[in-house]
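Labels for the chains are A, B, C and D, by order of writing; each one numbers its residues from 1.
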Amino acid sequence: MEISGVEIEDTFAEGFPIKVARVLITAITERWAMEAAREATGFGTSVIMCPAEAGIERLARRAETPDGRPGVYIQICNMSFKNLEASLLARIGQCVLTAPTTAVFNGLPEAEKQFDTGAKLKFFGDGFQKEMAYCDRGVCSIPVMSGDFIVEEKMGAVDGIAGGNFYIMAENQAAALMAAEAAVDAIREEEGTITPFPGGVVASGSKVGSRYKFLKASTNERFCPTLQDEGVCILPPSIRASYEVVINGVSREAIERSMRSGIMAACKVPGVVKISAGNFEGKLGPHLFKLHEILG
Amino acid sequence: MEISGVEIEDTFAEGFPIKVARVLITAITERWAMEAAREATGFGTSVIMCPAEAGIERLARRAETPDGRPGVYIQICNMSFKNLEASLLARIGQCVLTAPTTAVFNGLPEAEKQFDTGAKLKFFGDGFQKEMAYCDRGVCSIPVMSGDFIVEEKMGAVDGIAGGNFYIMAENQAAALMAAEAAVDAIREEEGTITPFPGGVVASGSKVGSRYKFLKASTNERFCPTLQDEGVCILPPSIRASYEVVINGVSREAIERSMRSGIMAACKVPGVVKISAGNFEGKLGPHLFKLHEILG
Amino acid sequence: MEISGVEIEDTFAEGFPIKVARVLITAITERWAMEAAREATGFGTSVIMCPAEAGIERLARRAETPDGRPGVYIQICNMSFKNLEASLLARIGQCVLTAPTTAVFNGLPEAEKQFDTGAKLKFFGDGFQKEMAYCDRGVCSIPVMSGDFIVEEKMGAVDGIAGGNFYIMAENQAAALMAAEAAVDAIREEEGTITPFPGGVVASGSKVGSRYKFLKASTNERFCPTLQDEGVCILPPSIRASYEVVINGVSREAIERSMRSGIMAACKVPGVVKISAGNFEGKLGPHLFKLHEILG
Amino acid sequence: MEISGVEIEDTFAEGFPIKVARVLITAITERWAMEAAREATGFGTSVIMCPAEAGIERLARRAETPDGRPGVYIQICNMSFKNLEASLLARIGQCVLTAPTTAVFNGLPEAEKQFDTGAKLKFFGDGFQKEMAYCDRGVCSIPVMSGDFIVEEKMGAVDGIAGGNFYIMAENQAAALMAAEAAVDAIREEEGTITPFPGGVVASGSKVGSRYKFLKASTNERFCPTLQDEGVCILPPSIRASYEVVINGVSREAIERSMRSGIMAACKVPGVVKISAGNFEGKLGPHLFKLHEILG
């Protein structure tokens, strides 16, 4: 299979179940909403050593937000609802409550699972908080030094999927990176997914396990171009760099849509040779995303 | 005392001891160095509920970096060296090793305390890593899918200070925020400090303790302008919003310099009424920063 | 009339007829599309002394662009179609043809007036250009050092309107500016309009004419807060700074929509006291935009 | 000659004399100084069809600016002092006077040639302007709706050089572009030069003249990779895209320094094959910049 002259390998991405909360942050300007969103989703690339996986889903137009201000949807992901609740409390409490001019709304008001994050955060008001209806939502209003901080009482979460992914293999690092940036741009236009790594891109795709007992994941040496001379790298000489885009999302459909958009965007970049995907022969998870089916 | 017509209250900021590591991230362009730096320092506003305090210190010119590429200095702070070592390993391993085109250098090579962070991260190479001299530093080179990741073996840390701060009190939220942004811009030009909160600004300055046993910090109601009618807020009606800028740094001198620069910048913004600072009558820490002395 | 507690003056903005071309720039990433768009619309605030009025309308999603790449709609405006044709040729030829990875498409393919801008630019190919169909458009492909530059043969233009506007009057400069930024953010979400001034904002609203014969426009002293002591400024002391947002667009409806969105956004910013608008008692133009009607 | 494995061709860049004005724009924050600078330097890539060549030189630290606010140095270039004076008046008057919170200072106070740009712009004040000393400079203060606009009376200019340049030739478009971005980043750190094209980069390097009488410049077909099959392109198949970086500056030394920094930065990007430069066998100008001498 080929797209814009780029070979699509007949392989699949392997994802695993994760719990996903979705939060809408609004602020006085788009820029301040983004500042809060970045702080709240930082140190959130992989649950291997981060306290959560987290990322920015997309900008929200004023017409979509309860308070008519510009907004940003973020997602926070943990392996259990218990850890997710702790992550929500800590990340919203420390990174959004503290951010200038923000308000926080439930990004999944229809979900069955609802945490009372706002209702817990309100105690920061030390008795001066108020429960109220605001823009048709049940919120808590907490007096702070810069005004009142509004946070919705409930925050919804769903059973989602982590580890959707594809590899962009190219003639050189710059082509792979430019294509990764284009892919992440495209995925930012889609609903329901995040790309939790820095700038949405993984420079160091890994395999499960290692020769060292204390390491759960290690470099995927078969795809490391600087190991071509040693015969360890199985890539042809035409591929001298690969980046991975990892996608988490609220549903299988959302991840498929973002994989499709991201791959289509990457294939438009000159110097891209091949699209592949990361899987671990079923060791990692039950969610398989076959490239040829998604792109067919 | 007055600066540009703004009253400087005769009070002091109260800081506390913290351990500070300083790391230099370089990348192919300034933009990618910043992406890595933002991910690595996210979810890092306050040790109350974040796994570390962290922030971007300043950009590094090419002439300053070992590999001649654009760079960003970041700082990561924890209460103990033990936790700091864990933070360094996790944040560099998960957020910089994974970021496109980055390399990581020791930002405090002269410090007495040196962690072997790079030497530990190298095992990600699963046996294919190499120890080598590079740009006059002892580094590990780890093959990854996009090339080789270079990380210096040692990362230095010092006994620093957290909680340097000042309050910007203004006629309204916008004036306080614009002044805070100007202050943070100015502090970004200084050596040795970070402003760990979102965009460098704290919207919700807190007091130590609360009426609820389970809460270590809560809103500083005496400075909450929406509590003026209830008589709880002690501010005059001319002050309707305040933002706090919190500063951590490698030394007392660095924090004093940044407090001075930040306050001078804030006072240039029309609508700012008063500069104050947060202290807790010695409950929090031993480092006192008297505004009148610093600005004298 | 009041919105969110802000007084809306019973007055009107006065616009004048202008010719408007609309161009869609695509590129490998959103960032590079923006670089080209900014260069092409620079030095384009007012036809008084700029060779054209020009600005960025809005981002275009991949799904909207002929080549499926991220895009930016820009508008270029002149008093006559003749000058507009010259502006298009110069601005696309010098600022977009020269910009990395860009392609240029007709942003008004349905308009009656169509310039053959692409068909003229093609001669830069010095005989090596090709006419072809591409993404369902008639384009010229011009070989350049970085690949092929694609430009649609025709560029459409319409009879539009310049000088739609509103004033944001506030307690201080920061509140007025933050509100102006919020207004411009909101207008960026709307179809069919631009805000041609720097960052979308006018700091120095003007009146028609001056006491000096050689000056066609001069400061609007009645609204200059630093002239309050001299009795020249007619504003109440509660207003200490105003910014103007000027809006050009392809139609009356587009300008009305953007005025409404912009004003609604501005009124959400604390410290804003009043919304007014600039008119010149019919000296400037025939298009009147009554605030109370637009917001009613 | 080789740098980091990249071949440096034994050739030279050919520049031509131009008049260069240098202006310092300050504002309340770095972001607003940049907005003004971008508007003022837009539509300013080449004097062939732009009213001036213009660009951002570098950021100015607070410690460097007369008013202690963040600043940006820009340059504006024309073939004659007469046109340069008109450009200064129009670009500062239309794009900086109108920009929020800006002030304008002379960026070349020591130059022999001084225009009285500020002294002319002051008439916008319609009789309410004031001449005064401010931060040790002779300025005019013009009341505007948002406060007072400060502009220095004099603006200095020198005999400078335009058309300093180098070509970055690479395996593909993305590598050439990433290297160009890195080069422009590096040049932004240097004193005294600008890169006037969009994002600092030229996608469509040209030769002098064309087969069409009405065209002064046309595509440099010998370097157009898509003409390789026709035998028109003289590049080897290993080069599939080139970008040019064009540099103007206040002196020969400044341009040499920026060429060196830019080339060194470009050579660090994987996929770059060769550095060359544009010359026209002396047809264009008397200033020759030999790559091997500059990099020697």
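Keep this in mind: a residue touches a chain if its C-beta (ideal position, glycine included) is under 8 Å from a C-beta of that chain, and two chains touch if they have at least 3 such contacts.
In UniProt terms the chains read A, B, C, D = Formylmethanofuran--tetrahydromethanopterin formyltransferase.
Fair warning: this is a prediction, and the values are worked out from it, not measured in the lab.
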Counting only C-alpha atoms to place each centre, which chain is farthest from chain D?
-> A
Interface with more contacting C-beta pairs, comparing A-B to B-C | A-B
How many Å are there between the centre of chain A and the centre of chain C, using C-alpha atoms for each centre?
-> 35
Computed distance of Cα centres, chain C from chain B, in Å = 39
Chain centre separation (chain A, chain B; CA means) in Å | 25
Among all residues of chain D, those touching at least two other chains are 28, 147, 173-174, 177-178, 241, 269-270
With chains as vertices and touches as edges, which is it: line, ring, star, complete or other?
-> complete
Quick one: in the complex, what on chain C touches chain D?
-> 28, 32, 35-36, 38-46, 48-51, 54, 89-91, 93-102, 123-128, 142-149, 167, 173-174, 176-177, 180, 197-199, 201-206, 210-212, 214-215, 217-221, 223-227, 230, 232, 241-244
Mind listing the chain B positions that touch chain C in their complex?
-> 170-175, 177-179, 240-241, 269-271
Within the complex, which stretch of chain B touches chain D?
-> 28-31, 61-63, 67-70, 147, 178, 181-182, 185-186, 189, 261, 264-265, 268-270
